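Worksheet: the structure to be examined is printed underneath.
As written, the chains take the letters A, B, C and D, and residue 1 is the first residue of each chain.
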Amino acid sequence: MSSRVGRKFVVSLFGQSHSAAVGCVVEGVPAGRAIDFADLRAFLARRAPNGAAYSTARKETDAFEFVGGLVDGVTCGAPLAALIRNADAHSADYDQVRRMPRPGHADYVARAKFGAAHDVAGGGHFSGRLTAPLCIAGGIAKQMLRLRGVEVGAHLARVACIDDAPWPSQGLAPDDVGRPGGKSFPVVDDDAGMRMRDAIAAARAAGDSVGGVVECAAVGLPIGVGEPIFDGIESALGRILFGIPAVKGVEFGCGFAAADMCGSVHNDPYRMRDGHVAFESNNAGGILGGISTGEPVMVRVAFKPTSSIFLEQRSVDLERGCNADLTLSGRHDPCVAVRAVPVVEAACAVALYDLMSEAGLA
Amino acid sequence: MSSRVGRKFVVSLFGQSHSAAVGCVVEGVPAGRAIDFADLRAFLARRAPNGAAYSTARKETDAFEFVGGLVDGVTCGAPLAALIRNADAHSADYDQVRRMPRPGHADYVARAKFGAAHDVAGGGHFSGRLTAPLCIAGGIAKQMLRLRGVEVGAHLARVACIDDAPWPSQGLAPDDVGRPGGKSFPVVDDDAGMRMRDAIAAARAAGDSVGGVVECAAVGLPIGVGEPIFDGIESALGRILFGIPAVKGVEFGCGFAAADMCGSVHNDPYRMRDGHVAFESNNAGGILGGISTGEPVMVRVAFKPTSSIFLEQRSVDLERGCNADLTLSGRHDPCVAVRAVPVVEAACAVALYDLMSEAGLA
Amino acid sequence: MSSRVGRKFVVSLFGQSHSAAVGCVVEGVPAGRAIDFADLRAFLARRAPNGAAYSTARKETDAFEFVGGLVDGVTCGAPLAALIRNADAHSADYDQVRRMPRPGHADYVARAKFGAAHDVAGGGHFSGRLTAPLCIAGGIAKQMLRLRGVEVGAHLARVACIDDAPWPSQGLAPDDVGRPGGKSFPVVDDDAGMRMRDAIAAARAAGDSVGGVVECAAVGLPIGVGEPIFDGIESALGRILFGIPAVKGVEFGCGFAAADMCGSVHNDPYRMRDGHVAFESNNAGGILGGISTGEPVMVRVAFKPTSSIFLEQRSVDLERGCNADLTLSGRHDPCVAVRAVPVVEAACAVALYDLMSEAGLA
Amino acid sequence: MSSRVGRKFVVSLFGQSHSAAVGCVVEGVPAGRAIDFADLRAFLARRAPNGAAYSTARKETDAFEFVGGLVDGVTCGAPLAALIRNADAHSADYDQVRRMPRPGHADYVARAKFGAAHDVAGGGHFSGRLTAPLCIAGGIAKQMLRLRGVEVGAHLARVACIDDAPWPSQGLAPDDVGRPGGKSFPVVDDDAGMRMRDAIAAARAAGDSVGGVVECAAVGLPIGVGEPIFDGIESALGRILFGIPAVKGVEFGCGFAAADMCGSVHNDPYRMRDGHVAFESNNAGGILGGISTGEPVMVRVAFKPTSSIFLEQRSVDLERGCNADLTLSGRHDPCVAVRAVPVVEAACAVALYDLMSEAGLA
């Protein structure tokens, strides 16, 4: 069992969707660092449902309390521990799930793994709710990275076959990567965003859901971050990103498109620029041999469509051992990728700050 | 620094391309298990260059020696330690590289990270050569998994935009996943394979290289394998697969295609079949919430084109601080994806056997 | 930074003496295990100050709240997370300490390590207060071990040169090791206990403090528990026991006395007894090669005298850079070893249950 | 299973007493550090048997080969891997042991844990032979620590109730701690050493063995090294020291004697000296709250008498299930503590350099 990631900047998540609280323990922040709570609250607000047509109706203020690790808002060298109380939990919604596993959810495999004791309410420990404490850890990591000149940002790159304007792989400024996060709908091209919202609203109206792709960039990462072989940047980001519910694919730089390219096109040439070694392109997504090149780290993350839909689905009744058709009620995002944008930022920030710490750059 | 992966089945890799040897230490194999050396040699032979037009001319017999962990070929409970001597090393080929970083390789970032002490010969510790000891560990993991009814196999799914016949996501038999590995060119559809070889030979003739995609499947994995959040199957496979040189993308089940689907299509329904709960489809790639469903685990891995090409490339002279055009000599695969097929199997076997061990199923 | 121990049964401690709360995250308890809260409260009550003459006046009800990992008091497979609020904190007592480090405490080294941001109040994260959440984890481990027939108990073996009746190294029954913990003063020989209390009260009256030795035994541990070399029982217990504040020595079996023995006396002979292999003695303290023999595991832990005394002590004024005499006020145990008895049990239970889990016996 | 220790400076040991080789993988040495092989050979020679009356007759040249991690004797950033071939192995000596476990050895418990597959020859992976690769890792750690002004040394403090002159807890110079290691018999007081040798020779003549105590000091360690709670210096040294075969006790500073002291005597006062904060005494053994104080780190390690004696011992015949008297032949030290002196230095150096690395001081 493990809900922990990191080697020097270590994040442990705890809690279930409907337990008393969810939270995190975060080790590895140097002592003497002030936490910007307003910034952290604003970051968590991006993940919280906002009542829009593309979001769940569940009210999650995500108000956090730090119970350890701080003195007057400054880290003291002890592990950080933070809680978010689970206020608006409706366990009643989930009685049916105990008997009938929801297609696309972990209900059935979790029951097979943990037995009847598994906390099925809201998906228990497998709930997207756990991304809230991940965002606390990630929000802190983002602040620590910013102190080192590294800015991590993401946007909704694709929803329902509608593409946002892609980010260039070179020349991204810190403001550029932060801009989408400052909008109510995190895209670069607001026209594309409008069409995405329409598509999401249409899916919701049809009782269905859609998937999406989130693109994340880290700019300002110095060259030389990342450890050999199994602790390179791709490995570290891959591990943590696949820990986000609904993620089914991760690619860096040209990613799967690179498999269709030839070396003479894909290799990023070197040139001297202003007396420094520079890359003429960034097909590598800022990573060679698992180590940062100094160019922006570019990663794309594929999210499957929300598993909770309101159309009738084919399931089984585990108690009676027969087929059963299932129609879900409850409150769910029709497109998890939207609120996942800050979660991807959080995951990337946690992994990158851990590698920065490993490299002695925390 | 870390070249180690796993929690209970722990693999540590050591050595450089041109050091005295490469090797691995493998912890976590239960005592009393006989190692099938003929099977292990045959597995490593699949990774070794075979002199074909799509392979490097470097001679690597990959003859291994176990120096610890075995008594008469049976595990005794101590860590396994194995060596492969580096016989056919031509360090002379790499003097140029000390000054001029090869585009697409880790030369430049490794020098930035480790300084002039970095072992540039053959890419040092970043060399694909390290996949040989990974295959020793993986070959052992494959044998241990086989004892538990789990078969891991892979095929070359795509090269230079040529697709092999894809594997069905359901109904794969152990023989099916093993078949491509038994061929000199690891594909399902030999006609497609012939076209791939022609494309690779053409790239070689042009002094260029091509990328590819490897598809891997694990059949027979019981339901319930995988740990919550950051130690799910996708996270574990993601971490280790991105540790293979040249991997730029990893996806499970429908992967990136899932981002374009709606939930009513992507969700895998449940039905009772012969008194057991069954899935009607396997879009999830055998994984829900990071935990195995009992369906085949399906993963696709994108490899960038071989970075070492023989066309003139734009680089810099680090000593003289000026631009320099680089033309590589040496011996390199024009398509790393071909020999990577057993490496992907090895990596998946290592990660899955570790999770099996975590679940008490070793 | 790390306040975490264990590989499969993993305990993370958080909080400071005067932060909002102290607590723990506990991974690795199998799903479906009922937690006996009455037993757990009773165990924590043993650690809490009881107002006796040998105890601090600080009121610590140590009332805990589980915020994750349980459904109706039964483990669900998610990490356990528990909190104890810090009610009775008097930070005012510690203003002086910011300037004048207390001899024997971590104040000065922690300031050197963490800077002025270190939480000096009550010793911050270094406070014995952190042993309360350790007792939550240990109380749970004791319950899990009991389910496997293993009983862990301890007694106050020595205080101020007064020895309790020692435990025999063979033939201890579960009730034997549990008995001292059931008393208000945890000794085997109540007369010795009375003399210890007098010595402690005398030290308190003199404004001074005394040290002590705690002996702990684990009976019922099956043979074969413990991993090779650095994860043997002695290594695992040694690491966690030295994590308890004020511990300066740890010995197993004959311990330091073994250094004065000859092999013919120290070696424990084997004999057949009722058709089973038995040991004729247990000088090894139930451990050979780091692995359990099936005999009781016997460990002795040396505690230094309480660092907080009320006599004038020589210190320095860090702000003015001059010598300063320090006289402490506040509330402190004159002998930490007394309340440390359940803490030693907790630490041993955590380490042993982790090794049981590693051995697949959880 | 685990034979690995460390978090940033990570040492993995492999091999058995009679396997092809023993060796280690060492991660975490910064790139660009030259290894002094003459110094390393000299260090290993201190552990190797020297044919003296107090030593085994087994010939172990302990000639090592580095197969990875170095270029021209300088670390390149890849893990270090080193081998020592097992030349002089007499497996024939151990056939008897398969049936009759040797009292005091791990034979019986290892068989219970690993089954008949356990490598009984020479104690297999539990053999003191594994301390040779530990000394390779430790010799490297000692060199790295020396670069940081830290000198680790040890002496034989007590054998057969004969005490060497103890080291003062303050004012030790680097030369002081290195001096005993430069002698053929590692003591401070050569007269005491002579008496120890006589006692060891007498034990050997009687077919018996004796135990001993090793005292180790690390001078020059800066203040602030060590992590909170479970990764303090005592925890780190305790874990690794108890991993050395035959160690049964570990104490720091006054250790068990501290349990008999009162706080007013044990607390180390602070005074200003030459404008700096200084300690007036070092009863703490250079450690407060698990963190270094800047005073010498002082640790004492108790070794039980060599388990292999040549007197008839009571054992059992596991095959015939009856009592059996056992008389060992073979080649064994009558006092393991003598050759353990450099091993204790190695273990302490490994643990301290790991903590230095954690603190960013590697």
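Basically, contacts are C-beta pairs under 8 Å (C-beta built on N, C-alpha and C of every residue); 3 or more make two chains touch, one makes a residue touch a chain.
None of the values given here were measured: they were computed from a predicted structure.
Taking A-D and A-B together, the chain pair joined by more C-beta contacts is A-B.
Comparing mean CA positions across the assembly, the chain most remote from chain D is A.
Centroids built from CA atoms put chain D at 39 Å from chain B. Distance between chain A and chain D, defined via averaged C-alpha coordinates, is recorded as 46 Å. A separation of 26 Å divides the Cα centre of chain A from that of chain B.
The multi-chain contact residues of chain A, meaning those touching 2 or more other chains, are 1-4, 7, 13, 77-78, 110, 113, 125, 228. For chain C in complex with chain B, the residues that touch the partner chain are 7, 77-78, 228, 360.
Considering their complex, residues 1-4, 10, 12-16, 19-23, 25, 27-28, 31-33, 65-71, 74-81, 83, 110, 113-119, 121, 124-125 of chain A touch chain C.
Contact residues of chain B toward chain A in the complex are 1-5, 7, 13, 101, 103-106, 108-110, 112-113, 123, 125-126, 130, 158, 160-161, 203, 208-213, 223-224, 226-232, 234-243, 245, 247-256, 258-264, 266-272, 275, 277, 280, 284-285, 288-293, 302-309, 311, 313-316, 318, 321-323, 337, 359.
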